[in-house]
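Common to both upcoming complexes is chain A, partnered first by chain B, then by chain C.
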Partner chain A sequence: MPVRLWRKPLDAEKVKLPKAEIHILKNQCKGCGFCIQFCPKKVLEESEEINARGVHPPKVVDESKCIICSFCTSVCPDFAIFIVEKPCKEGC
Partner chain B sequence: MAEGEIRIGVYVCHCGLNIAGSVDCKEVAKYAATLPHVVLAKDNRYTCSDQGQEMIKKDIKEHRLNRVVVASCSPRLHEPTFRKTCEDAGLNKYLFEMANIREQCSWVHLYDRKAATEKAKDLVKMAVAKAALLQPAEEIEVPITREALVIGGGVAGIQAALDLADTGYKVYLVEKEPSIGGMMARIDKTFPTMDCSICILAPKMSDVGHHPNIELLTNSEVVEVKGYIGNFHVKVLKKPRYVKSDCTACGECAKVCPVIAPNEFDAGLAIRHAIYTPFAQAVPSTYIIDMNRCLNKDGVIVCDKCIKACERQAIDFDMKPETIELKVGTIIVAIGADVFDPSVLPNYGYGKYSNVITSLEFERLINAGGPSGGHLIRPSDMQIPQRVAFIQCVGSRSDRNGRLYCSNVCCMNTIKDSLLIKEHWPETEIYVFYVDIRAYGKGFEDLYKRAKKEGVIFIRGLPAEIIEDRKTHNLWLIGENTLQNELYKVNVDMVILSVGLEPRKESEIIQRLLTLSKTQDGFFMEAHPKLRPVDAATGGIFFAGCAEAPKDIKDSVTQASAAAARAGILMAKGKVTVEAITPISYADKCKACGLCTKVCPYNAITLNKELKRIEVIEAACGGCGTCAAECPFDALTQNHFTDEQILAQIDAVTEYDAEKKIVAFCCNWCAYAGADFAGVSRMQYPSNVRIIRTMCSGRVAPKFIERAFAKGAAAVLVAGCHPGDCHYINANYHTKRRVERFWEKMEKNGLNKERLQLLWASAAEGERFASKIREMQTIVEKVSREEIESSKKVFEKALGGS
Partner chain C sequence: METVMAHPFAKYLREAMMPHIWCSGCGNGIILNCFVQAVDELQMDLNKLVVVSGIGCIGRAAGYVNTNSFHTTHGRPIAFATGIKLANPELEVVIISGDGDLFAIGGNHFIHAARRNIGIKVICANNFNYGMTGGQQGPTTPVEALTTTTPYGNIEHPFNLVHLAAASGATYVARWTTLHVRRLTQSIKKLLQKEGFGFIEVVSPCPEIFGRYNKMRTGLEMMEWFRKVSAIENFSDPAKAEITPERIVVGEFVDIAKISYEKLIHEKIAEINEKKMQW
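Moving on to the complex of A and B:
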């Protein structure tokens, strides 16, 4: 379709995508970086801090971008990350 | 029959005053009678009339004519008519020849009767010279596959496919979008009846989906077309949907899909998910995954929400693109048109001011199924506007700001839109800024009157500029009312740009695949604007809808039914005859070098290495004659355009006053048609040009040019289709190569290479042809006696028999 799409869709606000709550168990992380690498929305990045295992665990850059695909949970070899959907209050 | 004495009958037509107005037809006929082999020469008012044709038939019998020459209009117009006349009288139709003294003589030399008459005599002489060498020929028959391909699934493609399928033919309908429906599916109401567009289209779409004779290929593109009329081999690339046809369109997948994107169908005014269906009535209703948006790339399933949500397990990320091979007899091109993108016009601020929208965006806003639920709201604050302005001709009727042509649909569309607003919100002030209101169709004027009665204000004169009030986002329109000679400054809440239509971007691909031609506007060109309006010049291909020119729904449907009928005629017959203009090879001269096999655009010639000779597949031959021009041993020539015939024409031109004449070789499809168009448009140009028609410029062998110069011609023109537009795929590239080599030869021999000109002119470029002749006239005037003599000497060898 040659029509140029430049407008913000009128219903962009109305469409509610689930909001994520990302939980990282920092001290369980061994710093493999899989979660950072495979996140399709680039929600995570390596943090500055050093955990109990002496590595940099991931940190959340922008939680609102997370779409709860939970691929990070699937690829984490150390069960150190999981996502829960934020309970929806007042139209979220 | 052609053996023995050659007896030619010449008929010089007055065409009322069309020819007789500037050519002395009696004198031409008298002159024709003196030419060798001519046993009879007559002039009459209308040779193409029944009486004219009857006279020819009678003469063929009474005077034992075995060749007929008619000097009248273009062979592109009436050659078939007179060929049939000859056949009816028992004369092989290939023994007929035409001299074009109307389009290429009387109409282009309206004010110089003497020169026009002289030229007409020459043209008749050329035709007679060729006629004497004509040979009877039999046409071979080719079977037609009784299946059709329709490219494009808009309303035109849908109608054409349904008509053909209902007639009983198998139809493949190829659509590049995920659903058929095209532009009509996006429109809210249709003019002038105000029917709901999708309500009348949806049943047709669903018929297509269920028809046993239609195979619907959506999300697919035609990537290769080979073959010829009746026998096209087509490759279609079917892109994966990633959803199997088990899909019940329940929509559970889209509900869970976490990716959102603007929906193209709603002009970006609504969102869709990465897995989606473009609109509720889509056919097929199967959902589709937009892989550019989906998170699962390169086979890694990151997100499996849709897979989990689908009860029918219809989602399949392993789907691969497929190439489908089809064998069809006819093709209908219904690819539609694009809409003009007004963001190139800075003065209207589209893309910058949020309340300036296009008519297509308006259609989605006013549509009850659209993003705003049918409430016309302005994007800046979602409020219903009180004052609305329409601006007409955005991208139309201006070669500076868009396209030169009128897009045909925008006036009525705006009138319809203004009435829709009045229907829902009668208090809205509506201004329409226009250049001319073109309400030409059935019921259009009534609708226009109704809009005026409802209080829509029509102001002649487009705004020069739109200025936005930064606080309110209201818009000021500034311009001149050209009816009242006063400036206006109008404040409105929203502006709707009535955008024009333009040729599809992809039309260039289709043009190349199907070897079609285009008009200057960029839309596909029909074989004849009046009498074959839906046929392409290439056999077996037809046009429907906006692919051919901007048109409304009614015209698109009409044309689609016409195209289906035309394709149906071919398929009902089941066979087609191939014109006997195929190559003739002389085995005794052939050295089996294989040059001809390399230049053939259709691979119709194969080299038999064992027998050391070539073999011609006549059914595959397109009839360009490029092979004949390439043969260095004169072992190959083209039926009906033999070396002898063309040389005889050259000799006839150059017999007298050669040093003042231009010998022009024009291809039948572009340059010759362009010269005809110059005639139809009465463009005047110098009368010293003599056109020799070949099917393709690729037929023009260097020896023809040599012969013309050897006989003392002042200049030679070789004219063909634009590169890439060749009617014979790529044959004109050989023309280019040969002419370039000829220029080198001329330079090497100290000749002025300007005397040989190469022109690419399409059938619509009459002015281009005419101005080339004018330009060459100045060259001819400069050519000196010595130059003529020296070129005569250089090419002396070409005078020997062919």
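Moving on to the complex of A and C:
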């Protein structure tokens, strides 16, 4: 087993992983597909619906996999996607 | 999730001008995105920032940013920017323009601005051809590339823009592709903090005009090409950094400190005035 799997960080209970909230401004998307292709965790995929510009905007497959690297925000030429960290409830 | 939030960079863009005219898969939007992000991270005063652009697809960038901006005649953004910078050295003047604009018709302005070390910052989008007018061969078209005016393959040798800038005496020279968004943002941040003349070449995909003649029909295919052939070599020799279909050397090439022209000119004026007072 690789080291990273059997070793557990000492502060694993204390540290909470940040939860991402992905916002897609569907009608601004021009369907270039950069965010889908270059997402390191493959969180996005092309959707079936057609937006105001006649292209398929991306849709979220699994929001929990997102690590908030915000590469999609930077690589989007149309300012159509951005990530915010979900506000943590229950005082964590 | 369903509530519509504004994009974090929306305040830096002119809402009335959005959406922009650039094609799907074009890299100009990414360059604008990285520039806006760098401005956001540096918390710059938008009243002291001037964006100048020339003619071409990316010439529209000046109209999209919500700062002082200036859309100038073909090939002359550096000439106009020089005027702005010398009249008011407090302003941060950034030129966002294309390769045809800056190096074909405006080539002379570029080398002399770099030689004099005027404190203006140049971000050049290199898409290998004249995109807006229909894809004619330009000064950066690679050898053997197909364009509308070279249907049997280009026989001219292209400019090596980073070598030209470094040889002309620019204090900061870098080249990135639109895939290197993080490094490009960091590089623009560094550029905006430099005193003298700085230059960043951004290799940008042009799938609709350049790519379709060269077997790269979509922006994704051009970006995959960048991913395959680009190699980061910081502070390597810019003379060996020519762009070929097999290899694109990216990275920072020059980062030196040199006193800028506008500082020298205002020092000189003060010196002369002082002498006059003594007479």
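Methods note: the second predicted complex is superposed on the first by the 75 of 92 C-alpha atoms of A that agree within 3 Å, B and C clash if a C-alpha of one lies under 4 Å from a C-alpha of the other, contacts with A are read in each partner's own complex, and residues count from 1 in each chain.
Going forward, a residue touches a chain if its C-beta (ideal position, glycine included) is under 8 Å from a C-beta of that chain, and two chains touch if they have at least 3 such contacts.
All figures in this text were calculated on a predicted structure; none of them were measured in a lab.
Judged by the touch definition given at the top, the superposed model places A:K30 against chain C, while chain B stays out of reach.
In the superposed model, A:R7 lies in contact with chain B only, and not with chain C. Of the two partner chains placed by superposition, A:V61 touches none, neither chain B nor chain C. When both complexes are overlaid on chain A, the residue A:F71 reaches chain B and chain C alike. In the superposition on chain A, chain A positions 38, 71 are in contact with chain B in one complex as well as with chain C in the other.
Chain contact summary for the complex, chain C toward chain A: residues 1, 4-5, 7-10, 13, 18-20, 22-30, 32-34, 37, 178-179, 181-182, 185, 218-220, 223-224. Listed in rising order, the residues of chain A touching chain C in the complex are 21, 23, 25, 28, 30-34, 37-38, 55, 71, 73-80, 82, 84.
The residues of chain B lying in touch with chain A in their complex are 177, 258-260, 262-271, 295, 297, 300, 302-305, 338-339, 341, 343, 351, 354, 360, 371-372, 377, 379, 382, 504-505. For chain A in complex with chain B, the residues that touch the partner chain are 1-7, 9-12, 15, 17-18, 38, 40-41, 67-69, 71.
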